[in-house]
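In what comes next, chain A is part of two complexes: it sits with chain B in the first one and with chain C in the second one.
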Partner chain A sequence: MGSYLLRRLGGLLLVLLVTSFIVFGLMYLAPGSPLAFVLGPRGGTPEQVAAVTAQYHFDDPFFVRYFRWLGDIVQGDLGHSIVYRQDVSALMSGRIGTTAALVSLSAVLIAVAGVGFGTLAALKSRWVDTVVSTLAAIGLSTPSFVVGVALISVFGVGLGWFPTFGVGSGGFDTLVHLILPAIALSVASAAYLARITKAAVNEERGREHVQTATVRGLAAGVIVRRHVLRNALIPITTVMGLTVATLIAGAVVVENVFALDGLGSLLVRAILQRDFAVVQAVILVLVVAFVVVNAIVDFLYTIIDPRIALGSRQ
Partner chain B sequence: MSEALLTLTDVRAVLHSRHQSQSLLNGVSFSIAKGEALGLVGESGSGKSLTTRAVTRMLDPAFEVSGSISFDGAEVLSMGPAELRNYRSRDIGMIFQDPRAHVNPVHTVGDFLTEELVRNRGLAREEVEQRAITLLDEVGVRYPERRLTQYPHELSGGMLQRVMIASVLLAEPRLILADEPTTALDVTAQSDVMAILDEQRRARGLSLLFITHDLELAAACCERLAVMYAGEIVEQGAHVYESPRHPYTIELLGARPSIDQRLERLPVLQYNRDIHEQLKAEA
Partner chain C sequence: MTLSIKPPVKTVKRAAVELRQPGVLQKGYERLGLVGTAAAAVLLVIVLAAVSAPVLAPYDPDFPDLLAALGGPTAEHPLGTDALGRDILSRLMWGARVTLAGPGLVILLSTVVGTALALVAAWCGGRVDTVISWVLDILFAVPGIVFALISVAIWGPSLLTVVAGLAVAYVPYVARVVRGAALRERNLPYVSAAWLQGQSGVGITFTQILPNVQPIVIAQAVSSLGFAVIDLASVSFLGLGVQPPTADLGLMVKSGFDSVLRGHPGEAISAGVLIILIVWCVTVIGDRLTSTARSMR
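Now for the complex of A and B:
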């Protein structure tokens, strides 16, 4: 267990190092310069340009800048936003909670709706299967921003049940504010998970050990719970883990549609404004979240499937 | 002959698919007395497993089953869901060919053994575990307490088949159906497992329907044999192994290679569907 966690941590650090280099390198190669933003559309005098260049070390060679940035991050300094004139960590700390809440709520919705509908489609009548499969196909093929706009116009503007923008004032109010965005974010993934669940349940139902359970006279409910769904959890968990990881990136779009002040909208604005330090920091946070979610899924495997040992390569 | 426990009368199973109907069991009739073992032998595809599936009502709904399967006076084919569950739970026990595939890999051996009695009969798990430990010991599983917390993949095939036998005995059925219970095991485990099954069955006075294509094995542990060909029982009785009468059985028994002779080619059965139909027409 200890050595497993150590290896996992080492892997995380390696991924972060590689990602940091790629992120830094891409921003370096991207057209446009933060100079233009700092100095405004008319540009500045040569003295101003020189002063800003010196302040942000724009003239230093690539590797010098990369390692200075990396050194700062290791010491906990994520840098300074040239647009907001604020520390990046301060910029993010206020927004990270919004994105985390949005992604968590979506994950719960996806798990409940995806597994629920998928199981129904597999076990109930052909009619239910057709309805669920059709809805899943529609859900899968509708982009989250379209779902978002539709939800706003129906439930926000039309019926007036839900607020259409912002995160509210904390607690229950925030939950109400996040419901529509979370639905918009989860529709496609829930549809995908429903299809995976349906396939997994159908496959597990045909297994020989289910015959054993049936011929022992166990009740249908017990068989479904203990021998079909329990075993189908293995593929479901895989997809669920991948899905949550992609939600973090998908939140970018939904946050913009619902004017939520989260990491996603911060990232989009920072990219448009060439706010290097913010882009790099946000992406690093997203990568950490991604890797951590994957580590959690790997750990869950060992609980769900006793044949998989911690850290084995099955 | 003493009182019959299981009686099949003219059981037919027709598989209906979209384009055709195929008759796979063509009037199977036999009966097993209380405490008796019947060996059902025949080549692959002759309908042996299909017959057990009919007896356990595990045939796919695409099959249309007719005839009568009577268990201790109750008609199995017309049982409702609750009655069927009760019959499966208390009256019969099934041992499958491949224990590895037939035991759920994600639950412990203890879960597997206790599940049925705890869920169906409301017994306390601790009590069932105690009985399971005793039974595991009886069927030759060493360290039975420890096995309960192990997972199926931690046990060998032979051990797992013993666990399967213990799980069946635990439910105290009156009839055991064993569908090639030793075929998937390695040779040394085969004879051990078979000996245990035979011994336990006799000790408890249980009936056994033993399915195999090993004629000698069937003759050794069953009072009577029934030989299946093409979904029919061509010959049955206590005499079959010693003095077969039906041409198919005679040829089948004659085809076994002798242990003291080296053969260039193994014998091939000449009996086929045409001869079979012709014989039936003549009879």
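Now for the complex of A and C:
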């Protein structure tokens, strides 16, 4: 157990190190002098150029700059935004909550809708199955921004039930503001999860231990809950975990549709303004979140299914 | 980590003597089934309309007719006009070209690179395999759209930068599937037989293994195409991909979005529906090809 966690943690750190190197290296390759972004199109006096070069260490060799950047990040200093003239960590700390709330709300929606509809499709009549499968196929083919625009047009502009942009003033108001974005972010993943759930439940239903339970006269509900769904949880968790991880990237799009002030909209604005410190930091945080969620899911398997030994690759 | 559920081992043998060679259409139908064929037909119509846009499109897609702005469907403009009075049908036809060609290029690049990496990894094994798998694992660790965003951050917003970023992002998906299939083939007797006959590793890979994993490569490519369409349209929607005034379906949803807020959903609806239709067709065909490729194993 201990050695597994250590190895897992080592692999995680390695991936993070390599990604950080790639992110930093690629930004280093970007054409155009970073001086131009700081001093504006007209440039500056030689003294200003020298001052800025010294402030941002533009003259140092690549590896020196990389390790200084990495060292700063480890200590919680994510750099300084050239556009906002503010620390990147301050910029992000105000927005990370919005993204986290959006992703968590979506994850709940996906779990409930995906597992619910998938189980319904597997257990109810063929008619229900057809409807759910068709809806899932359409849902899988729909980009989140199309869902978002459709939701705004119907529920925001048309019916006026929900606010169409912003995060509201906290608490319940924020929840109301986040419902439409969360639905937009959930549709494709929920459709996929419903499909996986249906397949997994159907497979488990054919197993001998389920037949035995049926023959012994257990109530249908108990069989489904304790014997079918419990065993179907492995593929469901896999997909759920991968899904939550991809939601972190998907939030970039949805936040822009609904004008939510989260990490995603910060990233898009920073890219357009070529504010590299922000771009590097946000991308690194997204990748870290993505990798960590995946690692947690791997760990969860062993709790759901004790037969899977830690670290075994099945 | 992915969990693959193996289908029951099925050996489907073609009838030993076939008096009549099945035609292309019949073969396609056998592989795709009824729904798959219908999806292929719809996709074919969309592709044809997109390809022939310069000839068939009723209007210049960029010609603004401000007097007719935000018009509903009429005889002259079957799908109405957008906020600048441009004909939506013409823009859909031109936009579909970009929306299909961009992801097509992404999949072409990533499939060639991914398949090459996978075949090398499967044939060489050992340390080469370890290194390639390790690189793929790291690429997997970054969500696809982030590659596109990094690429845009470096080289600026344009269709090509997004295509380059997404092509890298899709390599591991192709490579992982193909590597698995190629490893299975590599351990089959016919490969040893070819080796004993003195064929070179490169020769065996190209003449024996590649043709045998080809259905899987194609199925994976088609399945990924649907995701690539969504990713590229999303980046364009963000304003980081295709730049206006070029017609693109993702961009049309974006510009239509402003009209939606003013109560004219025509442009957003038609572009959105066309994206969904394209992705649905591609996904259905990909699913069918995947299950056929699996059952042929």
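Points to keep in mind about this one:
What we mean here is this: the second predicted complex is superposed on the first by the 276 of 314 C-alpha atoms of A that agree within 3 Å, B and C clash if a C-alpha of one lies under 4 Å from a C-alpha of the other, contacts with A are read in each partner's own complex, and residues count from 1 in each chain.
The rule is short, and it goes like this: a contact is a pair of C-beta atoms (placed from the backbone, for glycine too) under 8 Å apart; a residue touches a chain by one contact, two chains touch by 3 or more.
These numbers come from a predicted model, not from an experiment.
Taken together in the superposed arrangement on chain A, chain B and chain C fit without clashing. When the two structures are aligned on the shared chain, A:Arg226 is found in touch with chain B, with no touch to chain C. When both complexes are overlaid on chain A, the residue A:Asp72 reaches neither chain B nor chain C.
Once the two structures are overlaid on chain A, chain A sits at the apex of an angle of 80° toward chain B and chain C, using CA centres and rounding to a multiple of 10. With both structures placed on the common chain, the touch criterion links A:Leu272 to chain C but leaves chain B unconnected. Taking chain B and chain C in turn and counting the residues of chain A each one touches, the greater count comes from C. In the overlay built on the shared chain, the residue A:Ile304 is in contact with chain B alone; chain C does not reach it.
In the superposed model, A:Thr212 lies in contact with chain B only, and not with chain C. Superposed on chain A, the gap between chain B and chain C at their nearest CA atoms measures out to 16 angstrom in whole units.
Comparing the two complexes, no residue of chain A contacts chain B in one case and chain C in the other.
By the touch criterion stated above, chain A contacts chain C in their complex at residues 15, 18-19, 23, 26-27, 29-31, 137-138, 140-146, 149-150, 152-153, 157, 164, 199, 203, 234-235, 238, 245-246, 248-250, 252-253, 256-257, 267-268, 270-272, 274, 276, 279, 283, 286-287, 290-291, 294, 297-298, 313-314. Listed in rising order, the residues of chain A touching chain B in the complex are 207-209, 211-219, 222, 226-227, 230-231, 304-307.
Note for the complex: chain B touches chain A at residues 56, 58, 84-90, 92, 94, 96, 98, 101-108, 115-116, 119-120, 151, 153, 167, 171.
Residues 1-3, 5, 137-138, 141-146, 149-150, 152-155, 157, 226, 230, 233-234, 237-240, 250, 253-254, 256-257, 260-261, 263, 265, 268-269, 272, 275-277, 279-280, 283-284 of chain C are the ones touching chain A in the complex.
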